[in-house]
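Next, two complexes with subunit A in common: one pairs it with subunit B, the other with subunit C.
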Partner chain A sequence: MITDALFGVLALVALAPLAITLSASSKAGSAIYGACLIATVALLTIALVALIGQQVASTVTLPFGLPWLGAHFRIDALSAFFMAVINLGGAAASLYALGYGRHEHAPQRILPFFPAYLAAMNLVVLADDAFSFLVSWEFMSLSSWALVIAHHRVAGNLRAGYIYLLMAGFGTLTLLLGFGLLAGPDGHYAFDAIRASHPSVALASLVLFLALIGAGSKAGLVPLHAWLPLAHPAAPSHVSGIMSGVMTKVAIYGFIRIAFDLLGPPQWWWSLAVLAVGGISAVMGVLYALMQSDLKRVLAYSTIENIGLIFASLGLALAFKAYGMSFAAALALTAALLHVFNHSLFKSLLFFGSGAVLHATGTRDMEQLGGLIHRMPKTAFVFLVGCAAISALPPLNGFVSEWLTFQAILVSPQLPSWGLKLMVPGVGALLALSAALAAACFVRVYGITFLGRPRSDAAHTAKETDAFSLAAMMALAALCLIAGIVPGLFIDALAPIVQTLTGGHMPVQIGTQWMSQWLSIVPIAESRSSYNGLLVFVFMGLTGMIAAFAIHRLASDKIRRGPAWGCGFAGTGPQTQYTASSFAQPIRRVFGTLVFRARETGDMPPPGSTAPARLTVQVHDLVWEALYAPVARAVGVIAERLNYLQFLTIRRYLTLVFAALIVLLMVLAIWP
Partner chain B sequence: MMNAMIRDFIMQGGQMLLVLTISPLLLGFVRKVKARLLRRQGPPLLQPYRDLTRLMRKDVVLADNASWLFRAIPYVVFAATWVAASLVPTFRSGLLFSWTADLIAIIAILGCARFFLALAGMDTGTSFGGIGSSREVMIASLAEPAMLMIVFAIALIAGSTQLSFMAAFMNSPAVGLRVSLGLGLIALIIVALAENGRIPVDNPATHLELTMVHEAMVLEYSGRHLALIELAAALKLVLYLSLIACLFAPWGIAPGTTEPKLLLIGVVTYIAKLAVLGTLLAIFETAIAKMRVFRVPEFLGAALMLALLATLLRFVSRSF
Partner chain C sequence: MHGLTFDIAHMLAGSLVLVSFIELYQDRLSALLNTFALHAFVLAASVAWQAFVQDAPHLYITALIALVFKAIVIPVVLHRIVVQLGIHREIENVYGVGLAMLVGIGLVALSMVVMLRVTAEADPLAREDLAFALSVVLIGLLMMVTRRNAVSQVVGFMSLENGLVLAATGAKGMPLVVEISVAFSVLIAFIVIGIFLFRIRERFDTVDMQAMDKFRGEQR
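Our next item is the complex of A and B:
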C-alpha cells in the first residue's frame, strides 16, 4: 500500500523536471495538469482503499535521509484520510487548471512547482519519522512560496511572499524544536520510537505548545495568521484553492499527529489553549473577512475562521480524551475531521469561482464587480452552492460538521474541571457568533459580486468561464451536496481514525437500525439529537416545487418587466447600489469599533457649497500593530545596533572570538 | 403496521396544513387586537387570506435587472420556513418526521431562508434592497447566536435537542422553576421579536424606507412572489410562538398518540396558546415604541448575554 502511494508521489516529483524541459512548448500546461490529474486520482484511489479497506498500517524504510535512521514512510487511517483530502483537492485543482492555466502568461513559473507542491503535501502525511516529516514540510513551504510569487510583478505579491517565507521558517523552527525535544538526546526520530518513549508531563506540554505554534502558524490561527490573507490570494487561483483548502489541512494533520498520536495521554489543560485560540480565530477570521473588499482575501480570511472552528473541535476532543470520555472525544474529533473534509471542498470551489471571476473581469475588487449572475450563470450557480455550504446552511455539508461540533459542546458539562466548564460555553458562543457572521459575510460576497448591476465595464462585458473549470467546480459542488445529504457515509469512513486516536467511536450510522429512518445521523442516541440532511433536502425541494406548481396552475404565472422602484428618481445608476463597504457598515459599527477601532468621520460641505461630502473610514489591524510591527521594529533596531560589529579592527575580532571560546568552555565545565 | 404508518403520515400532514392555514389567521388576529387596543375597528380577521389570494392572482412585475435567483427565492424561502414550522410540535409531539431535524437544525433552516431573502434584496441593484439586507444580516448576526445559546441552555436542562423530547421533559415534574429557564425565556422573546421583525426592532406596518428592514428587502417583490414571502413571514411568526408554547407551556400537547380525544385537546390548547401569545404580542407592540436601528444591537446583545448566562449556569451547576 505504502509503496503504491510512494510511486504515485514519485510520479508527481518526476513531473517537476519534466515541466521545466517542456515549458517552452505551448501544450506543456495541458500535459502537466493532465498528468497531475491522473496521478492525484490514482493517489486518491490508494488513499480511499487504505481508509475504507481498514487495513493495518503499512510501513517502508528507504535508505536515505539521516544515515542512522533512513526515511520511514507509513500509511495508516489518519494519513490515508488526509491523503484523500489532499488528492481530491489536487485532482479538482488540476482539472480546473486544464482550463484556467491556459490563460497564464508565464506558465513556466507555475508548472514545475505545482506537481512538486502536491507531492510535498503527500509526503508530509506519509512521513513516519521527524526528519522526513520536517523535510517534506519545508519542501511544501518552499514550493508553495514559489507559487505565491509566480506573479511577482503584481504589486504586493513579493511582500506577501517575503512574509510567508518568514512565517513558514518560524513555524518549521518551532516544529523542529518540538521534534527535537521529543526525540531526546539520542535522536530517536522515528515516530515509532517517539510513541514508545513516554515523555514527562512538562516536556509533553512544551512540545504540544510548540506544535500548536508551528502547525497553527501554517494553518493560520490568530495571531499567527498575518501571512495567510496576503499569500493565499497572491497565488494563481487554482493554487490559492489548494493552499486554503488543502495545505491548511496538512498543518492540522501535523497537529493531530503530534497531539493525539505521538504525545500519548493528554493533559486536560492543554485543551484550554487550543479551545481559546480556536474560538478567537473563528470570530476574528470572519470579522476580518467582513472588512475586506478583495474577493480572494475575503476567502482567505474565511479560511482562518474555519480553521478556528476545527481547532475548537480538536480542543474539545483533547479535553474529552484527557478525562477518558472516549465517546465524546470521538464525536468532537469526528466533527473536526468532517469539517476538514467539508472545508477543503467548498473553499476550493470558492477559490476556483473567484479565479473564474478574476479571469473574466480582470479584477478581484468586489467594488468593481456586480451583476455577474447574468453574464456567468453557471459559475454563479456553483459559487452560490459554495457560499451556502460555507455559511452552514442545511442541507449542505458545512452544516453537518458544525452541528456535530455543537453536539459535542452539549456533552461537555459532564467534564469535571472548572476551567473547562467556564471555557466551553464561551467558546460555544464564539462559534455560534462566527457561524452567523459567516452567513453575513457570504451574503455580502455573493450579493456584491454576482447580484445587482455591474459596477464597471469589465463586469459588464464578462464572459462565462471554460468547460474544464466549470467541470471542476460542478464536481465540488455536487460533493458538497452529497456530503450534506448522506453525512452518515462519511462519518462511518472516519470511524477507524477516531477509534485509534481516541479509543472510542460514534454509533455506526449506516446499515444498522437507523437505516429504517432514511440515513439519519445520530451522534449519541436517538433521544438526544438526530439530523437527516436527505429528508430536509427532499422536503424543501418537494414543498417548493408543489408551491410553484400549485401557484402557477391555480393562480397566475404571468411576468411583466419594469424598472425598479427608485423613489421617484428616474435613472439611478449602478453607483447608487450598496457597495461592499456600505454593506458591512452596520456590522463594522457593532463589532468593528471594539475589534478594529473602526472610526467613521463624515466631512459635510457647508450649505450652498457644491463640494462633495466625504466619509472616511479608518480600520486598524490591531494584531499587526500590536504584535508584528513591534517585532519588526525590534529586529530593525537590533540590526542597527549590531551593525557596528562589521567595522571592528582585526584585534577586536580576535578578542571576541577568544572571549566566545572561553565562555563556551565555561558553560561546558559547569554543565551538569 | 401499515395503518400506523398511514396514521403517522396523516398526523404529519395535518400539522403541515394546520400551521399553513392558521398562520394568516394569527396575523389577522394580532392586527385586530392591536387595532382594538387603539380604539380602531381594524380590518376583519380574515383579511390576510384575502390579501394573499389577491396577490396570488396578480401579475408579477419584475425589476429589469432581476435574475432567475430573484424568481426562485420566494419558493426557497417559503419551502424552508414551512418545513421548519412543520417540525415544531404544535398539537402533537413525536411526529413521523420529528427526528429529521432537531432544534439546532430548525434554526439553521430558518437561517437558510434568511440567507436567500437577504440575497434577493441585493439582486435588483437598488439601494433599498441593500439597506434592508445589510441591516437584516446585522440583526441576524446577533439574533442567531443568541438563539443557539438559548437552545444550549434548554437542551442542557432537557438532555436533548430533539423538540419532542424537550417538550415531554418540560411537561414532566422534573423541570421545576429554574433561573436558567427564566433567562432563556426572556432571551427567546427578544429573539422572536427581532426575528419576526416586530416592534421594537422593526415595524411590519411601516413603509417609510429608511426605518424598515424586512420590508426594504422585499420591496421589489410583487404578485405571487410577494404572497409567498408574506406567507413565509406569517409561518415564521407561528413557528416562534409554537416554539415558545412548546418549550415553556407544553400542556395539552398529545404525546405520540392518535386517540381523537387527546388530539382534540391538543388542537384546542394549541389554538388557545396562540391566541394568548398573540394577544400578549399585540399589547407589547402597542405599549412600546420602535427603536433606532443602532439601538437594536444593544437590545439583542442583552438577549445574547442572558442566554450565555443561562448556559453558563447550566455548566456550573445542575440545579440552576
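Our next item is the complex of A and C:
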C-alpha cells in the first residue's frame, strides 16, 4: 500500500522536470495538469482504500536520508485521511487548472512547481521519521513559495513571498527543535522510536508548545498568521485554493501527529493554550475578513477563522483525552477532522470561484464588482453553495462539523477541572460569535460581488468561465451537499483514526438499521441530540418548491417586466448601492474600534462649497504593529550596526579571529 | 614510550615553541626568514623522531617534505622575493616586542591548561605534543596579527601550519594522505600569496599593509 502511494508521489515529482522540458510547448499546461489530475486521482484512490479498507499500517524504509536512519514512510488511517484530503483538493485544482491555467501569462513559472508542491504535501503525511517529515515540510514550503511569487511583477507579491519564506523558516525551526527534543541525544528520529520513548512531562509540554507554534504558524493561527493573508491571495487562484484548503490541513496533520500520537498521554492544561489560541483565531480571523475588500484576501482571513475552529476542537479533544473521557474526545476529534475535510472542500471551491471572477473581470477588489449573477450565473450558483456551506447553513456540510463541535462543547461541564469548566463555554461563545460573523462576512462577499448592479465596466462586461473550471467547482459543490446530507458515511470513515488516537469512538452512524433511522447522526446518544441532514434537505426542497409553485401559479402566472420603482429618485448610479466597506460599517463600529483601533473621520464641506464630502476610515493591524514591526525594526537596527564590520582592515579581521579563538579556548579552560 | 625517547620528543617539540618565540621578535626580514628555516628544520627533526618512535615509516616522508619544502625551498624563494622587492634591508618596526612576548607566554600557558584538561586520558607523549603544537599555532596567529608586512604575515601563516603538522604527527594513525594534502594546500597558498605579493607591489609600490588601508580611503 505504502509503495503504491510512493510510486504515485514519484510520478508527481517526475512531472516537475517534465514541465520544465515541455514549457516551450503551448500544450504543456493541459498535459501537466491532466497528468496531475490522473496522479492525484490515483493517490486519492489509494488513500481511500487504505482508510476504508481499515488495513494495518504499512511501512517501508528507503535507503536515503540520514545514514543511520534511512527514510521511513508509513500509511496509517490518519495519514490516509489527510492524503485523501490533499489529493481530493489536488485533483479538483488540477481539473480547474485545465481551464484556468490557459489564461496564465507565464505558465512556465507555475507548471514545474505545481506537481512538486502536490508531491511534497503527500510526502509530509506519509513520512514516518522526523528527518523525512521536516525535509518534506520544507520542500512543501519552498515549492509553495515559488508559486506565491509566480506573479512577481504584481506589486506586493514579492513582499508576500519574503514574509512567507521568513515565517515558514521560523515554523520549521520550532518543529526542528521539537523533534530534536523528542529524539533525545541519541538521535532516535523514527516515529516508532519516539512513540516508544516516554518523554517527561516537562519535555512533552515543551514539545507540544513548539509544535503548536510550528504547525500553527503554517496553519495560520493568530498571532502567527501575518504571512497567510498576503501569500494565499498572491498565488494563482488554483494554487490559492490548495494553499488555503489543503496546505493548512497538512499543518494540522503535523499538530495532530505530534500532540495525539507521538507525545503519549496529554496533560489537561495543554488544552488551555490550544483552546485559547483557537478561539481567538476564529474571532480575529473573521473580523479581519470583514475589514477587507479584496475578495481573495477575505477568503484567506476566513481560513484563519476555520483553522481556529479546528484547533479549538483539537484542544477540546486533548482535554477530554487527558481526563479519560474517550467518547467525548472522539466526538471532538471527529468534529475537527470532519471540519478539516469540509473546509478543504468549500474553501477550494470559493477560491476557484474567486479565480473565475478574477479572470472574468481582472480585479479582486469587491468595490469594483457587482451584478455578476447575471453575467456568470453558473459560477454564481456554485459560489453561493460554497458561501452557504462556509456559513454553516444546513443542509450543507459546514453545519455538520460546527454542530458536532458545539455538541462537544456541551459535554464540557462534565470535565473535572474548574479551569476548563470555565474556559470551554467562553471559547464556545467565541466560536458562536465567529460563526455568526462568518455568516455576515459571506453575505457581504456574495451580496457585493454577485448581487446588485455592476460597479465597474469590467464587471459589466464579464463572461462566464470555462467548462473545466465549472466542472471542478460543481464537483466540489456536489461534495459539499453530499457531505451535508449523509455525514454519517464520513463520520464512520473517520472512526478508525479516532479510535487509535483517543481510544474511544462515536456511535456507529450508519449501522444495520440505517433505513429506520433515516440516516440521522447521533453524536453521543439518541436521547441527547441528533441531526438529520437528509430530512432538512428534503424539507427545504419541498417547501421551496411549494413556495415557488404558489408564487408562480397562484399569485400570478404571467411574468411582467416593468421599470423598477426608484423610491422617487431618478437615475441613481451604481455608486448608491451598498459597498463592501459600508456593509461592514456596523461591525467595524462595534468590534473594530477595540480590535483594530478603527477610526472614522467625516469631512463635511461648509454650506456653499462644492468640495466633495469625505469619510476616511483608519484601521490598524495591531498584531502586526505590536509583534512584527518591532522585530523588523530591531533586525534593521542591528544590521545597520553590524554593517561596520564589513569595512575593517585585514589586520583587524585577523585580530578578531584571534581574539575569538582565544576567548573560546579560555572558556574551554575554565569551564567546570 | 618513556625515558630517553620521551625526553627527546619533548625537547624537540619544546624547541619548536622556543623558535616560535625567536620569530616573534625578529625585526629584519632576512633574519625572520632564517629563523623560519630553523623552525621548519626543528619540525622536520621532531617529525622524524616521531617516525622513529612510533615505527611509522610514512612519517619519514612527512619529515622529508617539511625539510625540503619548508626548511629549504620556501625560505630560499621568499629570500629571493624579498630581494627582488628590494625590501631585504628594511627594518620592520615591530612595536611592543616585550608585550608580544608576554602575550606569547600567556598563550603557551593557555594551551597547556586547555590541552591537559581536555585530553586527560590520552597518551602522555601525545598530550604534551598537542599542547606544544597548540602553542605554536597560537603564536603563529599572534605573529600574523602583530606584523604589518605581508611577507612576515606569510611567515606567520607558515609557522602556524608547522604547528598543525606537529599536532598531526603526534597523534597516531594520522593518514599520510591527509598530511600530504595539508602540505600541498600550504604550497598552493604559498604560491598564491607569492603571486599576490608581486601584484600588490606592482600596484601600490609597497607590501606594507598600512599603505593598502590608505588606498581604501581609511586613514588611521
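Worth pointing out:
As a working rule, the second predicted complex is superposed on the first by the 631 of 672 C-alpha atoms of A that agree within 3 Å, B and C clash if a C-alpha of one lies under 4 Å from a C-alpha of the other, contacts with A are read in each partner's own complex, and residues count from 1 in each chain.
The rule we apply is simple: a contact is a pair of C-beta atoms (placed from the backbone, for glycine too) under 8 Å apart; a residue touches a chain by one contact, two chains touch by 3 or more.
Note that the coordinates shown come from a computational prediction; the quantities given were computed from them, not determined experimentally.
Judged by the touch definition given at the top, the superposed model places A:Phe647 against subunit C, while subunit B stays out of reach. Contact with neither subunit B nor subunit C is seen for A:Gln618 once the two complexes are overlaid on the shared chain.
Touch counts on subunit A: comparing subunit C and subunit B, the chain ahead is B. In the superposition on chain A, A:Gln414 contacts neither subunit B nor subunit C. Of the two partner chains, neither subunit B nor subunit C is touched by A:Thr21. Looking at the shared chain after the overlay, A:Thr655 reaches subunit C, while subunit B stays out of its contact range.
In the superposition on chain A, no residue of subunit A contacts both subunit B and subunit C. Within the complex formed with subunit B, the subunit A residues making contact are 370-371, 373-374, 377, 380, 384, 388, 391-394, 399, 403, 406-407, 409-410, 412-413, 421-422, 424-426, 428-429, 432-433, 435-437, 439-440, 442-444, 446-448, 451-453, 517, 520, 526-532, 535-536, 539-541, 543-545, 547-548, 551, 554-556, 558-567, 572, 574, 576-578, 582-587, 589-590. On subunit B, the positions that touch subunit A within their shared complex are 53, 56-65, 67-69, 75-76, 78-80, 82-83, 97, 99-102, 104-105, 108-109, 111-112, 114-115, 118-119, 121-131, 133-135, 137-138, 140-145, 148-149, 152, 155-156, 159-162, 165, 209, 219-220, 223-224, 227-228, 293-294, 297, 304, 308, 311-312, 314-316, 318. Those residues of subunit C that touch subunit A in the shared complex are 107, 110-111, 113-114, 117-118, 138, 141-142, 144-145, 148, 209, 212-213, 216, 218, 220. Of all the residues in subunit A, the ones that touch subunit C in their complex are 647, 649-651, 654-655, 657-658, 661-662, 665-666, 668-669.
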